[in-house]
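What follows is one structure encoded as structure tokens, with my remarks underneath.
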Amino acid sequence: MSERFEQGVAALRRLMDARIVSYFSSCVHCGLCAEACLFYTETGDPKYTPIYKLEPMRKMWRQENTFWGKLGVKLGLTEPLAEQDLADWETLVYDSCTLCGRCSMVCPVGNDIAYMIRKEREGMVAAGYAPDGMKEATRRALEIGSPMGVTLKTLRATLKGVERNTGLAIPVDAQGAEYMTLFSSMEVVNFPEYIESIARIFAAAGVSWTISSEAFEATNSGIQIGDSKAAGELVGRVVSAAEKLGVQYVISPECGHAFTAIRWEGANLIGRPLPFKVIHILELLEQLREEGRLKLEGHTDIRLTFHDPCQIVRRGGVVEQPRQLLREVATEFVEMRDHGVMNWCCGGGGGVSANERAEPLRLQAFQRKKKQLDELGVETMVTACANCRIILEEGIEHYGMDVQVTGLTELLAEHLAGPAES
Amino acid sequence: MGKKSPEAAGRRRRMMYRALALMLAAVLLLPLVPYAVAYVGGITNPNPGADLWRQVRQRETPPEVRTQVRGVDTGVLINARGESWRQFRMEQLIPWSGWFLGGMLVAIALFYLLRGRIRIDKGRSGILVQRFTVNQRLAHWFMAVVFTILGLTGLVLLYGRFVLIPLLGPEGFSVTAAACKEIHNLFGPIFPLAVLLILFYFVRGNGFRGVDFKWLAKGGGLLGGHASAGHFNMGQKLWFWGTLLFGLSLVVSGLILDFPVFGQGRPVMEWAHFSHGIAAVLFIGGAFAHSYIGTLGMEGALEAMTHGTVDANWAKEHHDLWYAQMEAEGKVGAVPGQEAPASSGSPETAGG
Amino acid sequence: MFLDFVEGPLWYAAAAVFLVGVAWRLAAIARAGLKEDLSVPRTAGAPGAVATVFRRFLPHREFMRPAAFQMVAGYAFHIGLFVLVLFAAPHVEFIEQRILGFGWTPAPHWVFLLAANFAFAGLLLLWLRRMLDPVLRRISTLDDHIGTGLTFVVMFTGCMALFESHDFLRALHMLFVDLLLIYFPFSRLMHAFTFILSRGFTGATMARKGVSA
Amino acid sequence: MARMKFLCDAERCIECNGCVTACKNEHEVPWGVNRRRVVTINDGEPGERSMSVACMHCSDAPCAAVCPVDCFYTTEDGVVLHDKDICIGCGYCFYACPFGAPQFPTAGAYGSRGAMDKCTFCGGGPEPDGSAEEFKKYGRNRLSEGRLPLCAEMCSTKALLAGDGDKVSDIFRERVTYRGIGTLAWGWGVAYGKGGVRQSSGLGGKASSTKE
């Protein structure tokens, strides 16, 4: 038994909290979670049943927390968790789960399966069983500051472009600003429109904001791969930068897991309450609109729908804000059949997008989104997560569909009232 | 106009009294005349009760009857049909069904000895074809379990007196029979659900077509030559419709027998028992053949109901038309979610 | 003799194992502990926990169709079993005489029959599906089958004893009841108690996030 | 050996239901069960006849023939009895019985049938004669005490006769011959009086023996 495996077992043992013990005690193996999981519904393969992905952790629970399990292991009747189990389950745990948490919504006994998988990944990664792509991304995040390798230089170059396009000065390291924004690397590299949009909106609404040159990366690979130490390190950077600038709020960008990482896990990862409030960009925009600071004009008459990013909506609680905002600017906003907290994941969350070997499976799982879109027959889809957006665009490309994907913040910026409209 | 004398008036009044008295006497005495005549002449009339008792006994037109005791059939003095029911049960149903069911088993045993297990001629191809969905299999096994429970308990009640009392003794058999009766009555109302599920999940593809009669003419391939068949062959179709027919008969008669609280009298109950017994025995006999051919009798048949898939070669040999259709639709080999032995390197160590 | 044993010593032993075992299992959950959540909640967790305990009795509207089978069969079984256990006349009598010292109005016979039919149909369908559906086949363990099987046998022998004229049948029923009670705390049957905790934990976490789970 | 029989004289039965009451009271028969009942034909019309019916203790009893658990037995006195510990309450005896004698206590609507209950000719059951257990299940065992069924004993018109079949039929035969048949069977004197219709024709001698 290798030392790494021992570490994995130790991690699983440490994480076996009351929730997980209760969850495993309650599970009656009814199989309903399978119907909630897009990897199962799109492949029909029973191994993608969510609770089945927890087999290693269940074995751990059985041998540590149950009478028969303990007895069985002592008598040699029950095989304890073996390293091979972790090896066998690596693909199930990382490639076929986006931590979207839809299964957690349907479990009749109320098990939060996504929570358990998140914890199981801690054990997997401690034992060294994680996809190379994600390991790499985490390494880059820790060493370079961004999973995609985006450096401050890259950001500055992007910001220069933004300033040129908008004619606005982008505040960097402005002491005493009210809000500090974070970006996902994808926004910096692929969607600078997002940065332009918030610059315009904030200018129009008179928001005092800034970007920290020390911590601008919102994504947190540690959360995805299940490495609390790395995740805590990444959150810690944001916290110290925010403390240095003395901001009251940190804005989580249009990126799903980034929001979860800082809003819901941040304080727990660093072991103390955050010295600032975390607000999602959509929450802030809706708040500004309600206060009358964000004035919108004009409508788009294109029939469009909204793709709920799991970590923002179901696992983040930002459910109504995007819909309120969208209704302001779109007359033909229609909902997919399963939406809001029961939406279907794009297939690339939870680090699956950073996991190259998962691509064929992810594209297969995308058929679920395709069906939803085909059923609705819309040609424009709005979303609020850079990762979703990339995955959706890839899927649309792969299946040769005729659908445009756009960010909600950008859509709002396009309908900004007043002189800011260019 | 002479004036009326008082004497004349008095005479007339007396005459009136006498006439009245005479009339009264006549009224009172005249009904006695027949008795008097009979007494004198010794005439014996038939007993007026005779017709009545005949009616009561034969129940052709049941006489109007009243009793203080409330309950089912309390007004029936003689239940003449009880005897015919007894004859049916003791002298027809029990012995004849015994011969029938026993004969069925012997016939199956002979068939096995003569024909042996029907193998897949070309061997297994390893390519699977989805034959039944989960819901179809669920409906089938639900029916199978409920049918077996009802069938076994029913047979115990039918033959137990002759077969089990010698083995268990009267006390022992009473325990068995009491348990069987309760289980039989309790599972009875679940049977309609099983019939409905069978109807719902299997009605498609069970319509009769021309090819089915050719199949029948060839004895399903037993009388020589290959018999073509679609998703279901004639044997299966007959079994399906038989299930519905017998099932319906058993359900209707069974419910009548199971809940004797809706005022149904003995004639209804006896009729219900009559049809319940016949349908059940025929159904059970059919089930013997069905279970034999579905398990021991034919290689590759059982897995269609357990795993839902069949081997492509089996499909070609037994349901060629269906196989051709599946092939045309590209469904051969594509079995989603099937635990095929070589399931794409997935973890198999779990469970238990 | 047999009846005296299964309704006497064995019954007391089984009840003791059941009570101590369940308490031990619940204590084990408490012992596992839970870290305090330091994030700033949107809404309080406790009301969310209570809400979810009740809300999960029905699936989300969107999930009605995929969950239809488990819903229908599951409820038929659970409600049926609930009525059988608590309202069957012999059970009420047993509870009154042997456990609580007081009883309540038992269900009329037709309610009992209806409940038994629902319970049997539901349990059979659920159990058969466990054996037939590839998903359930994949995730089911021996415990699932033993738990279901024991419940089935207890119900089955209970109905066999319905005629109430043979001590042997009653004793048989009691024997399996005792076995079920002994098996209960070590098995997935614990979900009868822990489902409240599971729903509560999830409900609290999700309520903190502002999501009604 | 005696062969116990009931006989109800329909010419005498006045539908007073005394036999029903006597039976119910003597055996403490449960609610809903009537071991004996009086049936009236053409009630209120000319030719009305009443008759008290219960188990007739048949020689070739259909109930015993069809019973799936074979719980019936015939005593030395020809009384058809059954063992409630063996009976499973299936109801087959009720279908086969010509007289509707077998009764079933029901437990409410959707009633499951309890063990069958019927007239025992006041002869109890398989338990020891006169035991409390026997009384609880089958009622009083009068036969073992040398007494005949109470229903017949209580019959106010002596319409219901019970006892050894030979004696019962002798009594009835006498009655029939004594009162004649048809329209002649009429009047107080014929039914109860000393002078019989046929007395004059030389059969009168025996009539006096039935004198009350």
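To keep things simple, chains are lettered A, B, C and D as they appear, and every chain counts its residues starting from 1.
Simple rule for what comes next: contacts are C-beta pairs under 8 Å (C-beta built on N, C-alpha and C of every residue); 3 or more make two chains touch, one makes a residue touch a chain.
Here the structure is a predicted model, which means the values were calculated and not measured.
Student: Starting at chain A, how many touching-chain steps does it take at least to reach chain D?
Tutor: The fewest steps needed to get from chain A to chain D is 2.
Student: Looking at mean CA positions, which chain is nearest the middle of everything shown?
Tutor: The most central chain, going by mean C-alpha position, is C.
Student: When contacts are scored as defined above, which chain pair ends up with more C-beta pairs, A-C or C-D?
Tutor: Looking at contacts between chains, A-C has the larger number.
Student: On a CA-centroid basis, which chain has its centre farthest from chain B's?
Tutor: Using the mean of the C-alpha atoms as each chain's centre, the farthest one from chain B is A.
Student: List the centre-to-centre spacing of chain A and chain B in whole Å, with centres computed as mean CA coordinates.
Tutor: 62
Student: Can you work out the whole-Å distance between the CA centroids of chain B and chain C?
Tutor: The computed centroid separation for chain B versus chain C comes out at 37 Å.
Student: Take the average of all CA coordinates in chain C, do the same for chain D, and state the distance between these two points in whole angstrom.
Tutor: 54
Student: Could you say which residues in chain C touch two or more other chains, in rising order?
Tutor: If we look for residues of chain C contacting two or more partner chains, we find 113, 133-135, 137-141, 162-163, 165.
Student: Quick one: which residues in chain B touch 2 or more of the other chains?
Tutor: Residue numbers touching two or more other chains: 174, 178, 181-182, 337, 339, 350.
Student: Taking each residue of chain A in turn, which ones touch at least two of the other chains?
Tutor: Residues 46-47, 52 of chain A each touch two or more of the other chains.
Student: Flag every residue of chain B that touches chain D in the complex, lowest number first.
Tutor: 34-35, 38, 44-49, 52, 56, 63-69, 71, 73-80, 82-83, 85-86, 89-90, 157-158, 160-161, 165, 170-171, 173-174, 177-178, 181-182, 185, 259-261, 266, 269-270, 273
Student: Could you list, by residue number, the parts of chain A that touch chain C in their complex?
Tutor: Touch residues, chain A against chain C: 16-23, 25-32, 34-36, 40, 46-47, 49, 51-52, 65-68, 104-112, 115, 263-268, 271-274, 277-278, 314-319, 337-338, 341-342.
Student: Over in the complex, which chain C residues touch chain D? Could you list them?
Tutor: Answer in residue numbers: 108-110, 113, 162-163, 165.
Student: Contact residues on chain B for chain C in the complex?
Tutor: Chain B residues touching chain C: 134, 137-138, 141-142, 145-146, 174-175, 178-179, 181-183, 186-187, 189-190, 193, 306, 308, 337-339, 350-352.
Student: Across the complex, what residues on chain D touch chain C?
Tutor: By the definition above, chain D touches chain C via 84-85, 88-89, 107-112, 115.
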